[in-house]
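In the two assemblies presented below, chain A is common to both, partnered first by chain B and then by chain C.
Presenting the complex of A and B:
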């Protein structure tokens, strides 16, 4: 793209500077400042630091020994794993099926994608009604069908993780579904015809033709799923509030918010945010390594 | 062509089973919304015993009470106004700045370009959690946040939301602008247009659908974003619809009809936007994701 028009570089500033300044002031600078904050003593949200912590890494020692933080990290990692298996898995199965039908693919795409545009706040409230103990949708349904005799406490000891997980997984299946279907449409029919001549049909065709050709798209989905799972906040915040039951359902995001806002531990919250970023970078690196795209 | 249809005929998994599975998943995405809508019109108390029947207007189960109560408890007009004001400004600024930046990045070659590109990708990965506290303090010192002034508070929400949406918008738009054939620009240049004219008269009209896509999802993300809004909007008159609804339902206690009505009130505007513009939305979100 070495056209004459773009030889003169002076207009470049006009194009790049406004957006870049915005990013510097509202993203890069606060990001660095946040790391510094995590070593300082800060008493309130809008106030200046009163000096370094004693010792300066005190917050990180505290984090290491904080059982709730351990729960949060454990839950977040578990969430990442479940996202990979169930979210992308369900999307893949649905995409493979939709590839076989003759009419209605667009219709299903529209319906599957729908939950993604809805605010997680509204979804959280909706799922609160669904998982309600006394007369929620699920408990009513199970009892009407005769599958359960008493109300099930969906947010109790036994089921809280499922209750938190299900809406998160459910919401984004459509997103990966659409990406995978796009990938499937890009596989030319010639390949299938050749495979047909060689006797590859049904499951064999999926196993030896479709999946290998879809590999790169699946990898993209998996990487996106990992980074997406680390950003989850609204849904569990609206549904699980203060880590119910008994500090067991914390995720790194909700725990950070709780420490910063509800308990006013601003510098501690900053330290959690740093951990979130480190975790994100690590997992993204691992995901990129493991699901490395191949050139064909 | 003939052979092609022969292949399709010999699908091992029967079409019926395929449709059954697909319809099942479609039900999981549609039915919950249908369920919450019918229950927002049901009289108090009946939800917990009988939530699956439709409360037809001619039966005793039908009521508008939940919406009346919701309306009495908060100022919805102000809520919608605040939400839409924030989202529209965020959208306009994001599209304008991201478009300029993406154009510069795609068409020019300059030193440090790869580094800048890396910085944009990194910006996409920053979680809000990691920037929000310093941003809040910075805005308090600038005199924008925590002022009790409605317009300043809205501004204090708008600015970080713009920054949060910029990187993604840039990446998506770069993908689109790259696919615009440069011949058009060269022709315009020979006709005496300068780069600014080229940008506004060639690039924007040609890439209009992609700008529309970026605009739509900036709008939706801004409208739906609870985290930033809870940080910056604390006083009743500045609250957005999302915050109001969240508040109502946390105070609703056992008034489940009221909760259902609040969900419907937030979802309906988005539903309308989605039905009207779903093609653009789906294309934009996924194209951006794949390219990024």
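Presenting the complex of A and C:
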């Protein structure tokens, strides 16, 4: 039976076709249409194009000169960097600690993974209350402890990036934590025992045994973190809305959404979407090359 | 066996993938512009399956935080009990996102059966595309449709001069005050002769007393202040003029209005976090007795009734301070929204009757009276007086009674793209990142 499948290739095509059609209809066609839209004049969401822009590449010129777009790209790249360092980094530290404890490992796995199952919108609303200016949890806490004399505007120019970043990092730490813990579990105890006999304990054990053997898993996490950070949208949108403060917190995703759905600048939003795709492909390629897995 | 199972799974996947692509009769017809002959034919054809209970999809702006949300929910329940029909309500708070979503639904053929929406320029696209049904067409089949409304107050579409929507209540925009805060700051409740200079002087006193003078989120809703500061720099006669550029007469008037907002920001009369706070956060300031003044609309009365029931007496309606040719008693207002029946529902024999009944129910004298205790209506017989009015409602009625003129909002003359750009730039104007003239030109270029 199995040999039949491998000899005749046509059944394979038959099984691949539905998924291919699905992608063509729901991904490639909209994607190509989006590229076309970016060159056209579309005055409102869902309305027909009235023709090509004058010149046809006008949106891309505007993108180049748009300070909010520059802010969005800068913030997105910064977010990618922070994700790599703090999200995967924190997950790694937590995984190494949990791997060493004998009691409660399962509890911590569930605990750290839990934020992922909560909707980003709900988390955004939750953190909005925490960072609220008047009567927010954090401001109340700081004032009650005597660490602040007045309300702090956590979404103001001084703190906005931290306010936006913290919930994003917090939400996905658990995701990488679970992947890394699974990777740690796959390292044979024999290796550790042999290392111990050779005198490798504590930090040496981590540095010379765990991290090298976990390299491929860490690389996978880093690639996922890069591509994941590029797609972050819902949480910052709920918390920072229209680039709060003063157009400084835009990410490429939130800026595209704002231009398309709030401002009705559909063709410009399409141009931003094209840039997001190009940026995504580029960064994913770089991440794949930099964090290439090794064969052992 | 495995092949059969695999085949079934593949077919199921195909069917699932393309289920949403199947055109329905109503969706197809909804995309076509109405032909006069078709309308005439439809007008004489009574719906056969009209009496069967149906499910209506309805979209309104009576979202979660609307002052009339509770009334709306009660009205829906009343309609469902009376007709046996079911209403799938997809209402949300009116803002630019909501408007964009409504338009997208129409463009993608997923529009509701009944829509409560704006009747100015905002609805041009759906009227032009023939996606809503005119009162003339509905009355050809249902002659008594909206006959409780004053014809002259039904707002015609700018597209073709025909009426498409049936209003519930009009709106006014004016100034809410927290009387407790004013008292604590030693400031009198503003009267009908309130001037801009008095207002600035009062703001200084209020600030000195440790309160926030004006509750406004410039980041999210600078709309009301824009409207009145522009009005203050012009007159009722020219308020609805839209500039061609920042350098013409109207453009300079707009720029002066925006500069007035900047002056309030520079003087520290707005909330400290006005550039980062949401509208809900700043409104809460006046509700909590931390701010004195709030410009908002008639729909905000319900907010205070719901959220400040235990200290409703702390709030009153006053007039927005005036300067130039405008008197404080000159208000922004009008009838800007109404119920539309979509072509999709009208062409569906099962839903036509239900949609008509729904609009008739929601715009009946009884319902309009519930929704419009303090607002303008188009009812021929006027509003049925409420059994008892609370202090804020009485204050609102007194404020309306003192109005010397009512003019529409000039921002409704802008496209959503222009409006979005202009209001997004208010925060940049007050922080001197761009000038008011640059913001106006940027918006007009959209």
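Just so it is clear, the second predicted complex is superposed on the first by the 284 of 296 C-alpha atoms of A that agree within 3 Å, B and C clash if a C-alpha of one lies under 4 Å from a C-alpha of the other, contacts with A are read in each partner's own complex, and residues count from 1 in each chain.
Criterion: contacts are C-beta pairs under 8 Å (C-beta built on N, C-alpha and C of every residue); 3 or more make two chains touch, one makes a residue touch a chain.
Every value quoted in this text rests on a predicted model; they were computed, and no experiment measured them.
Applying the stated clash criterion after superposition on chain A shows that chain B and chain C collide. Using the contact criterion defined above for the overlaid structures, shared-chain residue A:284 touches chain B, although it does not reach chain C. When the two structures are aligned on the shared chain, A:256 is found in touch with chain B, with no touch to chain C.
In the superposition on chain A, A:115 makes contact with chain B only, while chain C stays out of contact range.
Contact with chain C, but none with chain B, is seen for A:155 once the two complexes are overlaid on the shared chain.
Legend: residue contacts after superposition of the two complexes on their common chain; A:98 is shown touching chain B, with no touch to chain C. Legend: residue contacts after superposition of the two complexes on their common chain; A:18 is shown touching both chain B and chain C. By the touch criterion defined above, A:244 lies against chain C but remains apart from chain B after alignment on the C-alpha atoms of chain A. Residue contacts after overlaying the shared chain place A:133 against chain C, while chain B stays out of touching range. With both complexes superposed, B is the one of chain B and chain C in contact with more chain A residues. Contacts of A:174 after superposition on the shared chain: chain B is touched, whereas chain C is not. Judged by the document's definition of touching, chain A residues 1, 11, 14-15, 18-19, 22, 25-26, 45-47, 132, 134, 261 lie at the interface with chain B and also at the interface with chain C.
Chain B contributes residues 3-4, 7-8, 10-13, 15, 18-19, 21-22, 25-26, 28-30, 32-33, 35-36, 39, 47-49, 51-52, 97-98, 100-101, 103-110, 116, 119-120, 123, 125-138, 140-141, 145-146, 159-160, 162-164, 166-167, 170, 182, 185-186, 189, 194-196, 198-199, 220, 223-227, 230-231, 242, 245-246, 249, 256, 259-260, 262-263, 266-267, 270, 273-274, 278, 281-282, 285-286, 289-290 to its touches with chain A in the complex. Chain contact summary for the complex, chain A toward chain B: residues 1-6, 9, 11-12, 14-16, 18-20, 22-23, 25-31, 33-34, 37, 45-48, 90, 93-94, 97-98, 100-102, 104, 108-122, 125-130, 132, 134-135, 137, 140-141, 144, 170, 173-175, 178-179, 182, 189, 192-193, 196, 201-203, 217, 220, 224, 227, 230-231, 233-234, 237-238, 253, 256-257, 260-261, 266, 269-270, 272-274, 276-277, 280-281, 284. Only residues 1, 11, 14-15, 18-19, 21-22, 25-26, 43-47, 132-134, 151, 153, 155-156, 160, 241-242, 244-247, 261-265 of chain A touch chain C when the two sit together in their complex.
Looking at the complex, you find that chain C touches chain A at residues 2-3, 6, 10, 13-14, 17-18, 21, 96-97, 100-101, 103-104, 106-108, 125, 219-220, 272-273, 275-278, 281, 284-285, 288, 290, 415-417, 420-421, 424, 427-428, 431, 433, 446.
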